[in-house]
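Each chain carries a letter (A, B and C) given by its place in the written order, and its residues are counted from 1.
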Amino acid sequence: MSRYEYTIGLETHVQLKTRSKMFCSCGTDFGAPPNTQVCPVCLGYPGAMPVMNMEAIRLTVLTGLMLNARISGYSKFDRKNYFYPDMPKNYQISQYDRPLCEGGFVEVDVGGRLKTVGITRIHLEEDVGKNLHFGVCSGVDFNRAGVPLMEIVSEPQLASPEEALAYLLALKQILLYAGVSDCNLEEGNLRCDVNCSVRPAGHPALGTKTEIKNLNTFKGVQAALSHELQRQVEVLERGGRIEQETRRWDPDLEETVSMRTKEDAHDYRYFPEPDLMPVALDRALVEQWAATLPELPRRKRERFMAQYGLPEYDARVLAADKGLSEYFEAAAAASRNPKGVSNWVMTEMRRRLAEKDAGLEAARITPEAMAELVALVDEGVLNSNSAKEVFLELFERGGHPREIVEVRGLAQVSDVKAMEALVERVIAEHSKSVDDYRKGKTAALKFLVGQIMRLSQGRANPQLAAEQLERRLRAEPPSAL
Amino acid sequence: MSGEKRTSDMVDVRYVARLARLQLTEEEIRSFEAQLAQVADYVRAIREPDVTGVEPTAHATAVRNVFREDEVRPGLDHETVMTNAPVQRDGLFLVPRIVE
Amino acid sequence: MAGDLNTLTLHEAEERLARGACSSVELVQDLLGAIRERDGLIGGYLAVNEEDALKQARAADAARARGRRGALLGLPVAIKDVLNIRGEPCTCASRILRGYVSSYDATVVARLRAAGAILLGRTNMDEFAMGSSTEHSAYQLTRNPWNPDRVPGGSSGGSAAVVAADEALAALGSDTGGSIRQPAAFCGCVGLKPTYGRVSRYGLTAFASSLDQVGPMTKDVRDAARLLKVIAGRDPMDSTSLDEPVPDYESFFAEDLSGVCLGLPQEYFVGGLDTEVEKAVQEAIRLCEKLGARIVEIRLPHTRYAIATYYIIATAEASANLARFDGVRYGYRAADPRDPMDLYTRTRAEGFGAEVKRRIIFGAYVLSSGYYDAYYACAQKVRTLIRRDFHAAFERCDAILTPVTPTAAYRIGEKTANPLQMYLGDVFTVPTNLAGICGLAVPCGFTGEGLPIGLQVLGPAMGEPQILRVGYAYERAAGWGRRKPWRSGGAGPAKEAP
């Protein structure tokens, strides 16, 4: 495998979270009966004209800001001409040479390593209708026609299907962060076209690329890329040549299939859309929009490190998830030990959520309760075993940590008198170990502490138990038995 | 791109008619080719004036930023829409099978 | 019983309605009478809905009796069949829109309705407004009321003919490269191409979106001013419509032209201009001078590139605008298509006429890979030069006077064989659309054969008040409007000038 290098670039189409369509006031609800969210504009009736949805522009600009892109001072829409039954006007209103955002990058977590992937451009266009097939006919539903689609084009800087997946996950997180899209894959909110090529390792020039269109699951992207790259390698190994072409991923056959190639040359005849005036966004307006943005993950990560003294890894994991980072901050605000809070959120909390395959809303433990739990551990009231038990109770059912500790009697036995009784009982029951200890087998002490823990049902403070045991064994002469 | 094989200003009627989804008879192709050759020859005059540094005009006015609010308004009712459909089934516009 | 209310102008009819001298029903009846009598020969209307027009008239009379007023209450207007009228077909004189019923009103139609107007009928045109003679209608020929062997001009030939033949009081047309002004000149009526963006295009089936405008075609300048006031103004459904106040254009009218400076572009008075047309226009200029206008010579040096520029831009935009006619959602559809490709290519082959196909092909060609820069991008730059010409000219004058057309109406069939010849006839009107400015056609005399000649008054963007003022003063002083092509009593078309 390492004899070849992969080059992958993604075009990600994102359905924006708007109430109405890109160029008309029809609704965007998913799953409405066919052809019920349509009007003269999105049906391409003669005489109908598009008018830009300001919110779609705003959401695209927000995305640009989140992805560190340049917001164009001058942008325009163009007509992309091609015939297809799901295209009402037989041209798509898109952006050709003056997109809303240019440049930018996104930081991607590739197996614990941070990689920066360049963004070429972000532009806005309208979606097409949906085709359903039966027998010798196809039926077209135009409900989706005209829904705003934002296209994010990455630089060809991804080196493996895994990196492509990591890029998509990072992108999705950011889009959710900014509230730009619901990113609902089942409803087709995110769709990808991927470009990929292979070349012998160390070879300076890129190989011929192929494009795989319309992948609508992340798994599909990964699988299609794996198979397509493998196919390209095999073609080269056989001494063949890669054709520059568009291919389609067939998930049932688990292979990519060539789509009609040269027969229909892609001569889109782009030209400026005369029905729409250019967009020249005022700096002040962009700044006003930027002010509504949540803190960028990168900025937040740096702040978490500085403000809470978190290690970089913790800060990055927390900052990457909007909900989790907000939860952490709320809990940390109520706690004297932010690192302690972070430990709980990073480990127990994420593990439980992952087990349930659920979002943060599934956790019943309030940030305040989390802070209190950390405090109970720090105060020595709870040992780590009991603390986990309390956490689980809080996580599943909520409540106040101190009440749970009380009701369940989980407070550590740190009381000297109570501990004395336990020590005496263990010494009486395990004379053999006591002897061993006195003969110099220090390991026997560990056993005896374990017995105290068992007797106390785990509530004994292990440190105190060891101290008192030691003191007692040294103090008493062996002959007394 | 197929531009390379058409270096002259001869209008490749067959190619363009395909792009524009127009079926033409051989006779139409011949007559359009002759007529459009004349037109193409005539419009070549636009290359005479010096346009270096001249901004293109895409719109007759200089207005910018014409937006609408993101509000949903009722569209057309389904029955009205389908009465215009040449062929329909189950509320869908019917076309011959699309091969994707 | 048959009266001659059909011969009135809009404002005359309004005045009679206001003082109760006639009813809207009577007005409609006289118009329907004239249509029955003449339109078989003229062929200006594609459809007249008699029942519905009378119903609208009765409603208008009742509303007036209840005290309602409206700028056009009870006044019938004919509509070029390129504008959508809810519940009615909109054919654009094309087979491809056969079966299409509009489900919405064009904004201008909605504004006419709101002002109380009666929609009398839909008028013939060149298919999709592509043509200058109305010979390119898929449905019928329209004849020039002044001489039935002549074309009425186009593309708004139906609207011009029905206004000239007193089959309508007024009409709406659309103008992409002269389609209002040229037929107005050929038929001896008034036609106004407003500033780009002055009137909403929403519901106007697009030919070339960056050039199209809807405008009035009337019997006199006052009516044009009145209709414009009703249809003009910003429309949230048309992003290109301008957010500028709509003045009362009639308030600018004056009997003289003192203080007005009129420019004469040398480039418009050159070879190819018919001597009779030139003479009539020169006389009109002298009359304007007599009325107090100052005349200056101006230059519009890029005029000679206008037609080439226009044909590239207009056909390019048209090739995309007409892509939607594919037999999927509405309109004509070829029988038994094998696959989507077959559906498209045959539907469009059978649905479009030759002129439309020619322009779609040329438009797709100038945009196609390898040619874009040489044609379309270059044309956009030359368009800038043409706009600058006018900007500079209007620094020196308030309005520009030119002929509307190089010749008067030509014979039916005379130019159909040579498309380029027909395109060249638009030389004086096309620059207006490229520059986005406004232009008015006003009758300025007749040829020896009795065919009308038109004077064009051009104004800068939003210059409608001054061009209407010039048109009004000239029309009033010249008095050409009193001549009618149709002898009263319905004896038939006047063969010679009376």
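The rule is simple: a residue touches a chain if its C-beta (ideal position, glycine included) is under 8 Å from a C-beta of that chain, and two chains touch if they have at least 3 such contacts.
Everything quoted here is computed from the prediction, not taken from an experiment.
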Chain at the geometric heart of the assembly (C-alpha centres): B
Which two chains share the largest set of C-beta contact pairs: B-C
Centroid distance [mean C-alpha coordinates] between subunit C and subunit B, Å: 24
Centroid spacing, where centroids are CA-atom means, of subunit A and subunit C in whole angstrom: 59
Between subunit B and subunit A, distance of the C-alpha-averaged centres to the nearest whole Å: 42
Residues of subunit B whose C-beta touches two or more other chains: 1-2, 19, 21, 58-59, 61, 63, 66, 68, 76, 81, 93, 95-98
Touching two or more other chains - residues of subunit A: 40, 43, 51-52, 81, 83-85, 90, 140, 142, 265, 267, 269, 274, 276-277
Multi-partner residues of subunit C (each touching 2 or more other chains): 100, 103-104, 210, 236, 239-240, 319, 323, 326, 328-330, 340, 344, 364, 368-369
Partner subunit C, residues of subunit A touching it in the complex: 40, 43-52, 79, 81, 83-85, 88-91, 140, 142, 265, 267, 269-271, 274-277
Residue numbers on subunit A that touch subunit B, as the complex places them: 18-20, 24-27, 33-40, 42-43, 51-57, 76, 81, 83-85, 90, 131-133, 135-142, 248, 259, 265, 267, 269, 272, 274, 276-281
In the complex, subunit B residues that touch subunit C: 1-4, 6, 9, 11-13, 15-24, 28, 32, 35-36, 38-40, 42-49, 51, 54-61, 63, 66, 68, 76, 80-81, 83-87, 93, 95-99
Residue numbers on subunit B that touch subunit A, as the complex places them: 1-2, 19, 21, 58-59, 61, 63-73, 75-76, 78, 81-82, 89-98, 100
Interfacial residue positions of subunit C with respect to subunit B in the complex: 99-101, 103-104, 196-197, 210-211, 236, 239-240, 242, 302, 304-305, 307-309, 311-312, 319, 323, 326-333, 337-346, 348-349, 352, 354, 357-358, 360-362, 364-365, 368-371, 374-375, 377-385, 387, 419-420, 423, 433-436, 461
